[in-house]
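The chains carry the letters A, B, C and D, assigned in the order they are written, with residues numbered from 1 in each.
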Amino acid sequence: MSSTDQAVLQHGHRDDYGSRMGMWLFLFTELILFGGLFIIYAVYRYMHQQEFHMAAQELNTTIGLINTIALLTSSMTAAMSITAMQKGNIRFSKGLIWITIGFAFMFMVNKFFEWSAKINHGIFPGSKDLLAKPDGEILYFGLYYVMTGLHTFHVIIGVIFFLFILRQIKQGKIHSTRYVRLENSALYWHLVDLIWIFLFPLFYLIH
Amino acid sequence: MAKTAMPEEKVEPSYLEVSTNKHKKGILSWILSVDHKRIGILYLFSMMAFFTVAVIFGFLIRLELIAPGRTIIDAQTYNQLFTLHGIIMIFLFIIPGLPAVFGNFFLPIMIGAKDVIFPRLNLMSWYMFVFGGLFAVASMLLPGGSADTGWMFYVPYSVRTNTNVLPALIAAFILGFSSILTGLNFITTIHRMRHPDMSWFKMPLFVWSLYATAWIQVLATPIIGITLALVGIERLLGVGIFDPALGGDPVLYQHLFWIYSHPAVYIMILPAMGVVSEIIPVFSRRSIFGYKFIAFSSLAIAFFGSLVWAHHMFTAGMSDTAQFVFSFITYVVSIPSAIKVFNWLSTMYKGSIKLDPPFLYVMSFIVQFSIGGFTGLMLGALSLNIHLQDTSFVVAHFHYVMFGGTGFGIFAAMHYWLPKMFGRMYNLKVATWAWGIVTVGYNMLYMPMFIMGYLGMPRRYFDYLPQFQPYHVASTIGSWILIIGLIIMFTNLWIGMRKGPKTSMNPWGGETLEWKIQTPPILENFHEVPDIHAGPYDYSKYEAKKETTK
Amino acid sequence: MSEHQHEESHVIEYGNYIFIWLGLLAFTGITVTVSGIDLGNWTIAIALFIACVKSWYVLNYFMHMKYEDKVFKIFIVTALVTFMIFLGFTFWDYSFVR
Amino acid sequence: MFTSASNFTNSVDAVFLYIAGLSLIVLIGIIVAMVYFVIRYSRKRNPVPTHIEENLTLEILWTVIPLVLFISMFYFGWVGYKDMRAIPDDAMQINVTARMWQWSFEYPNGLKTDTLYVPVGKAVRALLHSTDVNHAFFIPAFRIKKDVYANKNNDIWFRSEKIGKYDIACAEYCGLQHSGMYSAVYIMKQEDFDAWYKATSAKAGLQPTLTAQVLK
């Protein structure tokens, strides 16, 4: 143990390492939160394989693919913004964050059209068309709405995080030697990406 | 007898006089303070308020059951009362009782830190706790009344009943996240804020138990969060997830519910075991027996505890494989608990024991927790479980572990640490009497439930067959004795806290760090951290000779 | 415990990120293509395997896990093992005759 | 408490007595040891404590011995449970329907009753269905219980051993009248049952036959 640990004890000392550790622990809770949904998905898909297969035909793979690419790319720009910050290139870093936010909006707009199309087709919770379908399809669409809905909610929170970061950069609270909040927001954003990496094949690619 | 005179003059104003914020006095200096000790105190009082409410509910439930048929309340009210009793006791008393109150107050001190690593997050957890709690209680005032589902919210009843289930679900959700944030804070604090000399195996066992608990809080609680959220969504929007009418599987709900709620039992009991491991060496003036075994058994309990959830579902009609596996692991998970009990007993062996109130509560803990454990073995046996499941035998077993165990652990912690927290001592004689009354009343309340449970008295029954009445009467009288004991105990603690004689730095002769600093502690706990090299349970100054057998 | 006391800030070059990103896109392409071929139960296994590979890269490079301390790696394994237990043990019930 | 009402009563009680007996011995051991230590090593009698760190042999002993005992408990529980799952082929099938808050029983010929009548010594298989929320079919005297769900086909079986009337309770919380959801099972002599079955079926205009079922 070195003397810096003693410094940790000093009041008001900054511990970036500790902040990241706390953020990771928080990400685990998010992971398990979605994990609960994945367990439900796994069980119902196991019980109703054919019906999940049928229901998945209703989803548009292209939209899903575009959203996957959007999230992967935004994940990259979020990671790059840290590099830019570390190099002291604050303007570039801000630009990259804005690009990330842009992709997030693209994702949400896509999602909005996707959901509206479903709802126009009469597929939404409690609708007559949906209730007429077999059990497995009702469950599939129930899970589809809940899981992509919760995911989109996380996208929104991620955007709020980044807007907050931009504000703090402007205020000078985040700079090239102090950027753990940017790192943590990026971590959160990558988690959103990670979840989607699984959601995409599980909902869109059952052919 | 505790030294009641003040041996050293007070050098500095304590945390009770100095807050972390600009408010010098008044409520704002408390509810806006990020000092871990003040937050601990906030938790203490809010928790006690909720506890009082839940005890009153419990009292009413018992009173109703003194005779078959309607006695004082109708069936609907009864159902709502036992639901709220469960929700409040579990989410607002037992779970936060030790970690959030005494963990917050003493964890940083015990590892030689000035605060937890995220003080503001800590305060936010408390706000979530209060907010969630008020949600649960306030739902009683809404038209339709509070939830009547039982604290397990079993689907599809919880989706269909007309009472206000949603506020209760939201309350449990918020409280879950409050608990997660506390756990996250503790893990990071233990990793990052330990004093350089405080190596892992010099940590007090209470800290070890909190560490194990915190991991369960972080990794299991989200499951209940999402599950209850889904029930809420299902109620609100009619999304098909669990409701069998929409193709859902109610047994899957039970799986998810117990994936959290079984480990939650260990969130509740582990810190109490930590308290016991603290108190026994102090009052026996002996180093704890098998430090590493107790420390690792906490981690083992945390791990195995997450593998056994489905033993709550043996009558649900699971596959035989699942029945076999979950029953078997249930027996494995009992081993670490047994190890702890034997190590505690061995710590008393050749000690120098003083029967002060904290130790008395620990003795009750050991006996009652053992009874809870043994009846747990009965419930783990498959064929027997089929008969006992959902009877008052389970209710008694659960209360023996959670109240006879954790509840008494909380009482022990109060008698042990409150003098340190407030700098004043309660009346030891009254406390001893209160202990006797509480223990007698407690056992009289729950022991009859084992018998009538075996005879076939189902749980959550508003009315019952006449042959069960003698047991119910005995149980209800027990509840009166228990409540009298509780009143005496808490009044004594309250008076002691306000007006009792001032205590010294170390009234019990403990060796962990909190006993080596000023009473009550100063704002940032230490100017200089006391010497840690000796380890947490070093009583060599009293001891005769060393007997290290390997 | 190997908890380093001071911060070593790893600067990862933009080029590396672009490289990883291209890899991720390639894997996405593979998943979409493979999902078109009917391989029975293997379809979902392959899709999940590719998803895991993608997550591995996101975790290690985008999320910098590769450069973090051992503690972080132990943490993440703990979390994943816990989740696998929750998922796997649920199937003690579902994958056998009830 | 221990009159044998069904084929499971004795085996379940035996497991109970086995675990309870072992537990009681250990519990008394714990209490005696604790009280003895508290008295023998009180601060007055023993002002100077002895330092004892740990003892590996002891730790191993009290890990292994409980483990062996626990596994024996598990084994007896499992054996008893396996019997509960081994439904005989000649069992009489009864459809049991649970709704808030009553039970209904349907015999193979379609006869419906709200109380269960069963000939003594005959294996009975109850197929459990719910029309609304979860319930649980519980006959305390027979030591059997099973949850009842709306879309899950749980079943349960028993062979009664003693003539008499036994309570059927609902053991899974199901709302307002949960505690009133009692019914009864009458265990009768075969002749009495046949007479009852014939008469009641005739009254309902149904064939008083069980043969299809019995042969199955």
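Quick note on the criterion: a contact is a pair of C-beta atoms (placed from the backbone, for glycine too) under 8 Å apart; a residue touches a chain by one contact, two chains touch by 3 or more.
Quick caveat: nothing in here was measured; it's all calculated off a predicted structure.
Visitor: If you tally contacting C-beta pairs, which pair wins, B-C or A-B?
Guide: Ranking B-C and A-B by C-beta contacts puts A-B first.
Visitor: Please tell me the distance, in whole Å, between the geometric centres of chain A and chain B computed from their C-alpha atoms.
Guide: Computed value for the inter-centroid distance: 35 Å.
Visitor: Centroid of chain A to centroid of chain D, CA atoms only: how many Å?
Guide: 48
Visitor: From the C-alpha centre of chain C to that of chain D, how far is it in Å?
Guide: 46
Visitor: Which residues does chain A have that touch at least 2 chains other than itself?
Guide: Answer for chain A, listing residues that touch two or more other chains: 1-2, 5, 17, 21, 25, 28, 31-32, 35-36, 39, 43, 47.
Visitor: Listing for chain B: what residues touch at least two other chains?
Guide: 191-192, 219-220, 223, 247, 249, 251-252, 255, 259, 317, 320
Visitor: If I count partner chains per residue in chain C, which residues reach a count of at least 2?
Guide: Where chain C meets two or more other chains at a single residue, that happens at 3, 71, 79, 82, 86, 90, 94-95.
Visitor: Let me know each pair of chains that touch one another.
Guide: The set of touching chain pairs is A-B, A-C, B-C, B-D.
Visitor: Please name which positions on chain B make contact with chain D in the complex.
Guide: Residues 75-76, 79, 148-150, 154, 156-157, 160-161, 244-245, 247, 249-251, 284-287, 289-293, 315-317, 320, 323-324, 327-328, 330-332, 334-335, 338-339, 341-343, 345-346, 348-355, 363, 366-367, 370-371, 374-375, 377-378, 380-387, 389-391, 454-456, 458-465, 539-540, 542-550.
Visitor: For a test of understanding, state which residues of chain A touch chain C in their complex under the given definition.
Guide: Listed in rising order, the residues are 1-2, 4-5, 16-17, 20-21, 24-25, 28, 31-32, 35-36, 38-39, 42-43, 46-47, 61, 65, 68-69, 72-73, 75-76, 78-80, 83, 86-87, 183, 186-187, 190, 193-194, 197-198, 200-202, 205-207.
Visitor: Under the definition above, what is the set of chain C residues touching chain B in their complex?
Guide: Touch list, chain C to chain B: 1, 3, 71, 78-79, 82, 85-86, 89-90, 92-98.
Visitor: Can you tell me which positions in chain C touch chain A when the two form their complex?
Guide: It is residues 3-7, 9, 11-14, 17-18, 20-21, 24-25, 28, 31-32, 35-36, 38, 43-44, 47-48, 50-51, 54-55, 58-59, 61-64, 68, 71-72, 75-76, 79, 82-83, 86-87, 90-91, 94-95 of chain C that touch chain A.
Visitor: Provide the residue numbers of chain B that touch chain C in the complex, in ascending order.
Guide: My answer: residues 191-192, 200, 215, 219-220, 223, 251-252, 255, 259, 306-307, 309-310, 317-322, 325-326.
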